[in-house]
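Chain IDs A, B, C and D follow the sequence of writing; residue 1 opens each chain.
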């Protein structure tokens, strides 16, 4: 029956059931992925971010919150220019992680 | 010069002040309400940021005050100032005259049950940071039963206008990360989450601890405050928080939730403090005369403060203040 | 669960309310949706417990719905409320009891606001005088009708005929208690048991032999949320919220839901039908739903009122399985008969949730 | 002398020779067949074109036999290689000359199959079967001793490499060690056998040859036969297309694992990182160790120094590049959003003004705004009609994407930038970043637009008097950025500019030997600590003559050096703008 409205999916990230395959795979080769402190430098300097929603900080969080589809979409914007890696205060090898995510 | 200096409180601040005053040739007298010296730090297992055993520090401090006149299980029940000396009556009816009083009464731990939404005292597996520390010390706690997922909530009773504590309790952030690493050491397969509002790594080596927590111990730091806790059918805890960095609410099941309880002013000294004419500041801690040059002084001549009775403090801060209070007292006696 | 911990909180959140002599005001929604509940309430307090509860035919809406839908300003709502207080004052009462949770919340909010801002109270006094030529006195005690039943729960238990016990198994019924948000979430100290672990319904359930289930989404709103329901496009949020609650309570297999708010029993009841239509899922056993009742209906049931006199036939979720569990006799033929035995017609049976 | 034409001891040698010739023939067919059709045609043409044919002959002798490039770099090693290679070659040549000129042997009746093999073993075991004339005997002994002297140096190098001026040598496995011992002992055994004529040594000599030749295809000594083919392919102008096929395969087998690139590599600052050098990469790839060769390919800074100093000029960076490109990706880039940007850019260019010079700062320069500011000052002072293409952020040049092996993805950016540049109507494009410069030069098609790095541009401004600079007495050292120096040999322009500003001192390693700053975008895997070690080493090298300031011409080098330098690090544009 059409009520003119329907159940909307929960906005909650259900941490008990999310899929962390990609993030765990990344963590094995890049233990750095855990050390992001979300300062946002990478996003602020991002060449692609100048034109798009691209944000590495958010991308990492997406993977940690099981939003792989969103992450995969966002990462397509990256130009791999490496500015993010140069500005990261924690010395995270962001370019390498970006490449590894797409593999 | 064998002037009596009355030190109320036998924790880190009281013991260190007594040690220094004794070296200066004065006669410190420690009044401790509990059955042993050492204060909160004696209940601690290891200290941040380098996991140093608290016992080492406490034992050294105890050794230094072994010749100091100490009253245990004793409280000051009355105190009067008469010209430039203080007359104190103790709970054992003894009377002590002293030339100066050092308030080193420290702090109380915030009563976690006051944050009702966290269900401390209601849900079986909610515990406080103090209880977790006891587990590290004794290896026993019936709530900790090979947990697979453990959460830490920062700022319980701090930075929270709802419990009338708007101040930052300073040490809980670092303690949470320390304890997160330690629980991971005990249960390497467990997932450990900390839920923080801000991570305040203010001291030397603390930021390194933070990095180590993330990188070596794989502790997941989530920026966002746990807002409610419930119990599911299996007695596990269901928590809700917002991942504010991600902008989405989270829901997850935990086996154990640790509440990082804030420091609150030790209120058991209120009556004596009032008699000495020492006011409280807006955070409810004792008011010193100014935070830069008069941090050990109060509005009352001859009454000094040291340690966490004026604000939440770390152990090095407390020891530093205890040493500086000794100088202040010495100068006051020889004025 | 550590019961002692809850008991300590319950002990901390108690309020003194007078035994007798109340000015009773009905709820707009309840008298439309569950008219029998208010009738039952008055019957219980007046005739079964012998108390003085006075009603005045001139009282109106409190303005809460309009206020919460942002269609009238606070001053207007306050003036309406001042008029109710004036009616109470004129009738010679000083204890005010309302049937509606939203009203209770708004009355509390108003009284607290006047307490903090006396100049506003003076202004409203003037507004009331200008508009109605009435003067009001603030009630000495403000209570919600569920507070009264809570207060008299043991007296009711003494007259109880059908405790909240499954007669077949002898085990207590599992009851989900759902508190209206405006009961104590805004002013925890104004509700029995406070905001986190309210005792008002728990006290009733336990006094009448039931067992309360504490499920993770217990604190959640029923889904009414004025702005969500009133706009059709937003009703998805409303039903989603209700859905979340049912998903959370489902594993506990509750026998019934007890509520103290006008909207909650309505949404917890009707949305079960909508969820069943949309997902094919029902939360009771054998294709039935979980009955969501008002506290008066539950009180009426345990005291032996006829289920159809309590108006249980107007619930979407069939009540018969619960009646059978409790061993309450009922005449199926009377279910859809009006006051004079007039045939009201049998509603169409929905696709996924059983109505009989 | 034994007057017979056959003895069983020749069999091991004959077997070995047959094996190695068969193997090489099959290998040759394989490489040629793997070449793309066009490349095969190129090869054919190059063999008959006089210019390339001459180059082939020159290099076959110069590189394969005389090792001219090694001589230039290290005469001791040069002698070592020449002694062994040329000496052996001469022994084989003289042996065959003897075979055909000496009377006694022509009288020997040789027939059929046996005769064919005698052509092989006679020169090798000549002294066993025939008498030499004194002239030939002297020549043979001379070259034999020459080889042995080379081997002696090799032994010394193995025991203590620093004596011969080599810091780091390759670490070899069992097979390479065994064949090396075989090689070292072949000639002493021959000497002893010839001088004493003890049968056992003739056997040892022959067996040694068997071991050497049978192991040859599976060890680094395969470079001996492959190198000739490689030289021919190289001169034909063939490029790497796939990491283990065709030309690349020839390059892989031509790498002698001499290890010269190990000392040259900026990563060789410690033992752990020296395993990432080209010599190891080639070895791992040759052994089909895909995982490790992939890792090294992605760790390499792509500074190109190994290619420059390689005695064979093996293009190891190209192979690494093709190795990177061979990785499959699950998620492909989508840069369709760039389409929207062009319209944005058009909007900002509504005034229809066509600047003479278009300045493209590039991503890295966005992080070093002082370079952009200095460039603006210079261009203003020179009265240039210019426009800045990416003042508020631009599109990446595409080089970093190319470096990751994603060629198609890089194309999207290249095309968009090309479009923007062409639309501007400028005649000259000035770049501040050598990374950009490299890709603009190599991959962009900007006909009619002159592409300049700002070092070249500033030099020109000074030379034609558009700007005047004051000369001070600051001591500068110049660091050649990899993608400006080694890639395009822009060495003199920056030095001219610096010289007109103050004193210029030498770094320890300069120009084509310049050491990468460590910040290179070429590497994906290096950690910050590893990069820091490289940077420190590079800074020390620059500080050799105690300069007051380090000058570079790359924003990334500038940023990298600034972390570790004891003196101020400045871009060339910056020091110019200071002295305007």
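The definition used in the following text is that a contact is a pair of C-beta atoms (placed from the backbone, for glycine too) under 8 Å apart; a residue touches a chain by one contact, two chains touch by 3 or more.
If you're wondering where the values come from, they're calculated on a predicted model, not measured in any experiment.
> Strictly by the touch rule at the top, which chains does chain A share as contacts with chain B?
C
> Among the chains, which has its CA centre at the largest distance from chain A's?
Following the centroid criterion, the farthest chain would be C.
> Go through B-C and A-C and name the pair with more C-beta contacts between its chains.
The greater number of contacts lies at B-C.
> Just the number, please: Cα centre separation of chain C and chain D in whole Å.
Each chain reduced to its C-alpha mean, chain C and chain D end up 84 Å apart.
> I'd like the Å distance between the centres of chain B and chain C, where a centre is the mean of that chain's Cα atoms.
Their C-alpha centroids are separated by 46 Å.
> Go ahead and note the Å separation of the Cα centroids belonging to chain B and chain D.
64
> Starting from the mean Cα coordinates of chain A and chain C, work out the distance between those two points in Å.
46
> Give the residues of chain D that touch two or more other chains, as numbers and ranges in rising order.
Counting only residues that touch two or more other chains, chain D contributes none.
> Which residue numbers or ranges of chain B touch two or more of the other chains?
In chain B, nothing touches at least two other chains.
> Show the residues in chain C shared as contacts by 2 or more other chains, in ascending order.
Where chain C is concerned, no single residue meets two or more other chains.
> Which pairs of chains touch one another in this structure?
Chain-chain contacts present: A-B, A-C, A-D, B-C.
> Would you mind writing out the residues of chain A in touch with chain B in their complex?
For chain A paired with chain B, touching residues are 11-16, 27, 31-32, 34-35, 37-38, 57-58, 61-62, 64-65, 90.
> Spell out the residues on chain C that touch chain A in their complex, using ranges where they run on.
232-237, 239-240, 243-244, 274-275, 277-279, 351
> What part of chain D is in contact with chain A in the complex they form?
Interface residues on chain D, with respect to chain A: 298, 327-335, 337-338, 340-341, 363-364, 366-367, 392-396, 398, 400-401, 403-404, 406, 413, 519, 521, 524-528, 556, 559.
> Touching chain D in the complex: which residues of chain A?
Contacts found on chain A: 45, 47-48, 50-52, 72, 75-83, 86-87, 91, 93, 95-96, 99, 101-103.
> Under the touch definition given earlier, write down the residues of chain B that touch chain C in their complex.
Going through chain B, the ones touching chain C are 113, 116-117, 119-124, 228, 230-233, 235, 238.
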